[in-house]
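Some structures to go through are shown next.
Across the two complexes that follow, chain A remains constant while its partner is chain B and subsequently chain C.
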Partner chain A sequence: MPKDNTTDLILEIKNLKTHFILNAGTIRAVDGVDLTISRGKTLGVIGESGCGKSVTAHSILRLIPSPPGEIVDGEILLHRDGEVIDIAKLKPTEEAMRNIRGDDIGMIFQEPMTSFGPLHTIGDQITETILIHKKAADKSEAKSQAVDLLRQVGIPNPEQRVDGYPHEFSGGMRQRAMIAMALCCSPMLLIADEPTTSLDVTIEAQILELLADLQAQTGMAIMLISHNLAIVSEMADDIAVMYLGKRVEFGTTDAIFDNPLHPYTQGLWRSIPSVDGPLEKLVPIPGVVPSPRDLPSGCVFASRCSEFMPGICDQPKPVPIVEADPDHFVACYLYDNEQV
Partner chain B sequence: MRAFIVRRLILIIPLLFLISVISFVTILLPPGSYVETYVQNLERTGFIMDQGQIEAIYKQYGLDQPAVLQYVLWMGNFLLKGEMGRSFIYQRPVKDVIMERLPMSAIIALASLVVTWLIAVPIGIYSALRQYSVGDYVATVIGFVGLALPNFLLALAIGYWVFAGTGRAITGLFSIEYKGAPWSIDKFVDLLGNIWLPIVVIASAGTASLIRILRATLLDEKNKQYVTTTRAKGLPERRLIMKYPVRVAINPLISTIGWTLPFIVSGEIIVSQTLGLETLGPVLLAAALGEDMFLVGSIVMILSSLTVVGTLLSDILLAWVDPRIRFERIRT
Partner chain C sequence: MNKNSKPILEVRDLRQFFPIQEGFLRRTIGYVKAVNGISLTINEGETLGLVGESGCGKSTLGCTILRLYEPTGGEVILHDGDEQLSVFELSHHEMRQVRANMQMIFQDPFASLNERMTVLDNVIEPLVCNDIGTNQEREAKAENLLMQVGLQKEHLRRYPHSFSGGQRQRIGIARALSIEPKFIVADEPVFALDVSVQAQILNLMQELQAEFGLSYLFISHDMAVIRYVSDRIAVMYVGELVEYAERDELLHHPAHPYTEALHSAVPRLTQRGRRNRIILEGTPPDPSDLPPGCVFQTRCRYAEAKCKEEVPELREISDGHFVACHLAEELNLVGIQS
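Then we have the complex of A and B:
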């Protein structure tokens, strides 16, 4: 964990556990995740579908529908103006939580096509946010701010488009408008949950560039969630690798890419083609992800791991988190000197 | 928007023409005619008419003419003079019979529509937001009971309870002393004391389906991505639900106005008959039984026109509330 300057910390997640309590059993979607995000930095969160990336992100803004979802343990500490607020202790509907949403933390989602209410203009939905958080004195001031924001995110003719309805925007334009809405109160953290997954590759590049530019201008932190390794390596300063609700590896982008430690991370790297390297055979990770309803008692990756050590990896207790290199953490017995 | 409305209004003209033809053909379809029924009834009382007298009656009403000519005469009179023929049963112009009763029918119909919405919309929203709660089940049960109970039975039952409890007999729209009396504040108060019963009874039949439509749509909408997005902006929950998913969920209800309008007018027939209301429903029933063709035809025309106008109204309303339906777009 980059510990260099604790005053720059914006968000600390400690041992977060978000479970879905269903009749058929409890799904431990997020099961003991630690993350830290610092001012002006980008944290990339990667992992396969269903590994708990999105649930972690939604937990931060308390957007998990309850029931069945519930934060059963852990802390989500927001550092704001010298005070520390534990979001995990707030009620999802209480005013303190609503004041954080959209104001301190903005969020953009995977589905730009359905992310705006269909019956109100884009401008109305942006100005609404500005007015809730009292960033403008009146409607007309809020509207001119909305026009500026739309211009900033690269929407042509913002004076006219501000009165347009969502269905009049293309997917890429809608995601730009979405970003404008998420940024309208200058949040210190922007959570981007697979922001480009449903967009064309060319649009994807534009959106990522836009996010990087805006970050350089505003100094906000970004939590970038993606299953796309290339995107994360491009954008992120730090990377958290998640597998089945657990954070299996955490370190700087360089460390994670040049020296992946966890067998799962190594497997991920072997399964993507390299553009400039020699042509290699792609190696998929064997096996399938176990059902989160029925997690293995030891290491959750044990059943698919190429380095599986019988009697060690399947011990029915949590895997220790090891700081293998400075600021490079891995949850694996391979690096635990006491075990091997 | 204006072009949209004008285009729809122009399209209505051929539609209404077709409706009038079909109404007229429908009237001619059943065997026999008013005159035959009339003659038979007289014969039953022992009065035998000779052929000359019968033909004179046919001539008097223009029934000796071919059907096409009858239609042209009927329509021509309607378009030029606003006449709709003469009612055989009432022995008065159809127009007078209808105009005498239409206002009260319209008042009951519109009031029922408003009451239906006032009951259905809040319950539908509640049912969707508190799905499977006790309140949801109670609302569902009451709604279905209202749907399943025959209207006239409910009217009779409530009428009986009111009479048993207060001694007030709700028969007709006015108490006996005010029937035919000129309008006064007392008469109006008397009307209010009676008119609520048919309104409540007719409204009860329509609420269940509206509640179910609203509940189903809202259940669908409240889990959509845009609701989460809006929640993530920090909007208070109540405002969020009312401004976004509820607005979307109301739209299917608006499109039901088209067929609700004529249904409310024709649907009150049995209730009106039971309660002895001076509305259009019982007239339609009597006219159909007595083969009073111009009266039936005119009422059927009015009901069909209401369908057309209702559909137009709901389309305009929908275009007004839902930008996705409007035809014009912002050019980029």
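Then we have the complex of A and C:
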């Protein structure tokens, strides 16, 4: 866990707020999120669509289109060789940021079908990245590195496939090529945004296995964003649960699964079917996620919460974050001793 | 769940091939064998879960059963009381009446409703098409249905764009039920929904099943969802049914190597960290260019010489447990432990 060994920290996000400022109003997509990621560990980020998990990832790489998006507050601290860089303070286009992107932090996207340019071979797209980051002296050296990478991610006949176009790759193979591209500069941190969502379950198993193998070999940290709780339970060391731009709960995977504290996390657990576990009737979370355009003033989950306490949960101020157990944080008044 | 061994629908040796045409004369040079000789039975009041990976032909099977495609071969028998109707032999006029007994819930709630029609018009369209009831009766029925699927009657005059994915799927369900069918094909009905909303729809479908005595063919790629809704489970691979059995039998005692691999690949909620998964190498074969022998032999870790030559028949290895594998008796496969 983060606190015990600060030298192992790779990324620290403190009170990050990424808002989209539109004519129709401000969308607070990420609204005060704290996260920490340590070397060699996997952080799982879970939550339903619109909870801000992808926006958080894109903020780390400064890929948020601006306007309308803007990091209005908070810090994104990258720990690199003893120095600390605040990514939130960099300009998205300046060289320091371009170096971090790809070099220190790699990213794989949800849609392997659309994340490659269709007009260039897979090999050209990987060598381009290698050359931009000056990891190879010339083109032929870069290409042989690309072949090695493709072999490393399990693409058969990499010498031939390196000259193939994206449309000649199946979904699983394209996701492997994408991972190869993200790894070409040996990043400290790999952000995987729903890496297997569009893949079949047998192919998904191949990709997850590959990610775990690569992590064991290289010691990189992984930020795994997924709506699939089962995948996160298998892969992650720590888990952050997000709801409507807030990090509502954070702890080790065991703590989050065996002892979920936030009513939203508890509700999620009751509402998902499993292939093993006891076969119980699912208990859905009532209602729907409110529009991010007019968030409730107090706790964002109050409108769907089974433990809603009038006069407490709807106070127009941020919900305190409580360390309910060691290294297990929850944003809920139920665990705030001063309130209850 | 009320189980009744009386069949409502029988599928016999169903085949659906799509021609591949090429050249100026559009000559047929081959066929994509999307559904390749499938037989199964669905009983009254039961849910048959159909699971398989993308491209295995599960949606095509659902559509062909409803005769949304003209089949290449085989038979579908619908039991209506004591009457047995062979669906593929009916004229268009007769087909309309039979469709009143068979409806479909679609995967994408954003594409399956007509955006230019109000919720009311969407829901009563099956009644209009079949010329059932007067306008007042239809509207009263739509009101009732909307309440039953958890919406309000005020929603009737609105258009689909003002609803969320979960609400749209409820409207789709109300539309399927408006004509009082006995049998419903639900094609990935919760695929596009968030997990908390998914549970709402799954529970709703079960409540409606109990109330109206519906039978479902429930198509999904998600084994956890299939386990939750099904009485029996059928597993498809490249156009063929490789195994089907009672739910718990299929989950805990799979007899086909593909089912075993599928179980092994599914992420578990109760297990942390890495476990030994069976990783299937490669991808499924092309349904227009099937391998000789068993369809699964190219990826099967148990395959023997016989599997590469002879096509295994779907056979009953124990009461109600069907499997298409030469080695079913010899292998000791691992299922899901709960």
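FYI, the second predicted complex is superposed on the first by the 338 of 340 C-alpha atoms of A that agree within 3 Å, B and C clash if a C-alpha of one lies under 4 Å from a C-alpha of the other, contacts with A are read in each partner's own complex, and residues count from 1 in each chain.
The definition used in the following text is that a contact is a pair of C-beta atoms (placed from the backbone, for glycine too) under 8 Å apart; a residue touches a chain by one contact, two chains touch by 3 or more.
The model shown is predicted, which means the values in this text are computed figures rather than measured ones.
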Practice task
Based on the superposed arrangement around chain A, label chain B with chain C as either clash or fit.
Solution key: fit
Exercise for the section: Applying the touch criterion given at the start, work out whether A:Q315 contacts chain B, chain C, both or neither, answering first, second, both or neither. Expected result: neither
Problem - From chain A, separation angle of chain B and chain C (C-alpha centres, steps of 10 degrees) - result: 80
Practice task
Using the touch definition from the top, say if A:T197 reaches chain B (first), chain C (second), both or neither.
Solution key: neither
Exercise for the section: Could you look at A:A212 and tell me whether it touches chain B, chain C, both or neither (first, second, both, neither)? Expected result: second
Practice task
Examine A:P284 and indicate which partner it touches, taking first as chain B and second as chain C; both and neither are also allowed.
Solution key: second
Practice task
Answer with first, second, both or neither: which of chain B and chain C does A:S144 touch in the superposed model?
Solution key: neither
Problem - Touched partner set for A:T253, first chain B, second chain C, both or neither - result: second
Exercise for the section: State whether A:S303 touches chain B only (first), chain C only (second), both chains, or neither. Expected result: neither
Handout entry: Minimum C-alpha spacing, chains overlaid - chain B and chain C, in Å
Key = 12
Practice task
Report, in rising order, the residues of chain A that make contact with chain B in one complex and with chain C in the other.
Solution key: none
Fill in the blank from the handout: Within the complex, chain B is touched by chain A residues 58, 61, 63, 65, 93, 98-103, 106-107, 109, 111, 114-121, 125, 128-129, 132-133, 156-157, 160-161, 163-165, 167-168, 178, 181-182
Handout entry: chain A-touching residues of chain C, taken from the complex the two chains share
Key = 53-54, 164, 166-167, 194-200, 202-203, 221, 223-225, 227-228, 251, 261-275, 277, 279-280, 283, 336-338
Problem - Residue numbers on chain B that touch chain A, as the complex places them - result: 223-226, 228-237, 243-244, 247-248, 321-324, 329-330, 332
Exercise for the section: Please name which positions on chain A make contact with chain C in the complex. Expected result: 48-49, 170, 172, 200-206, 208-209, 212, 227-231, 233-234, 253-254, 257, 267-268, 270-279, 281-285, 288-289
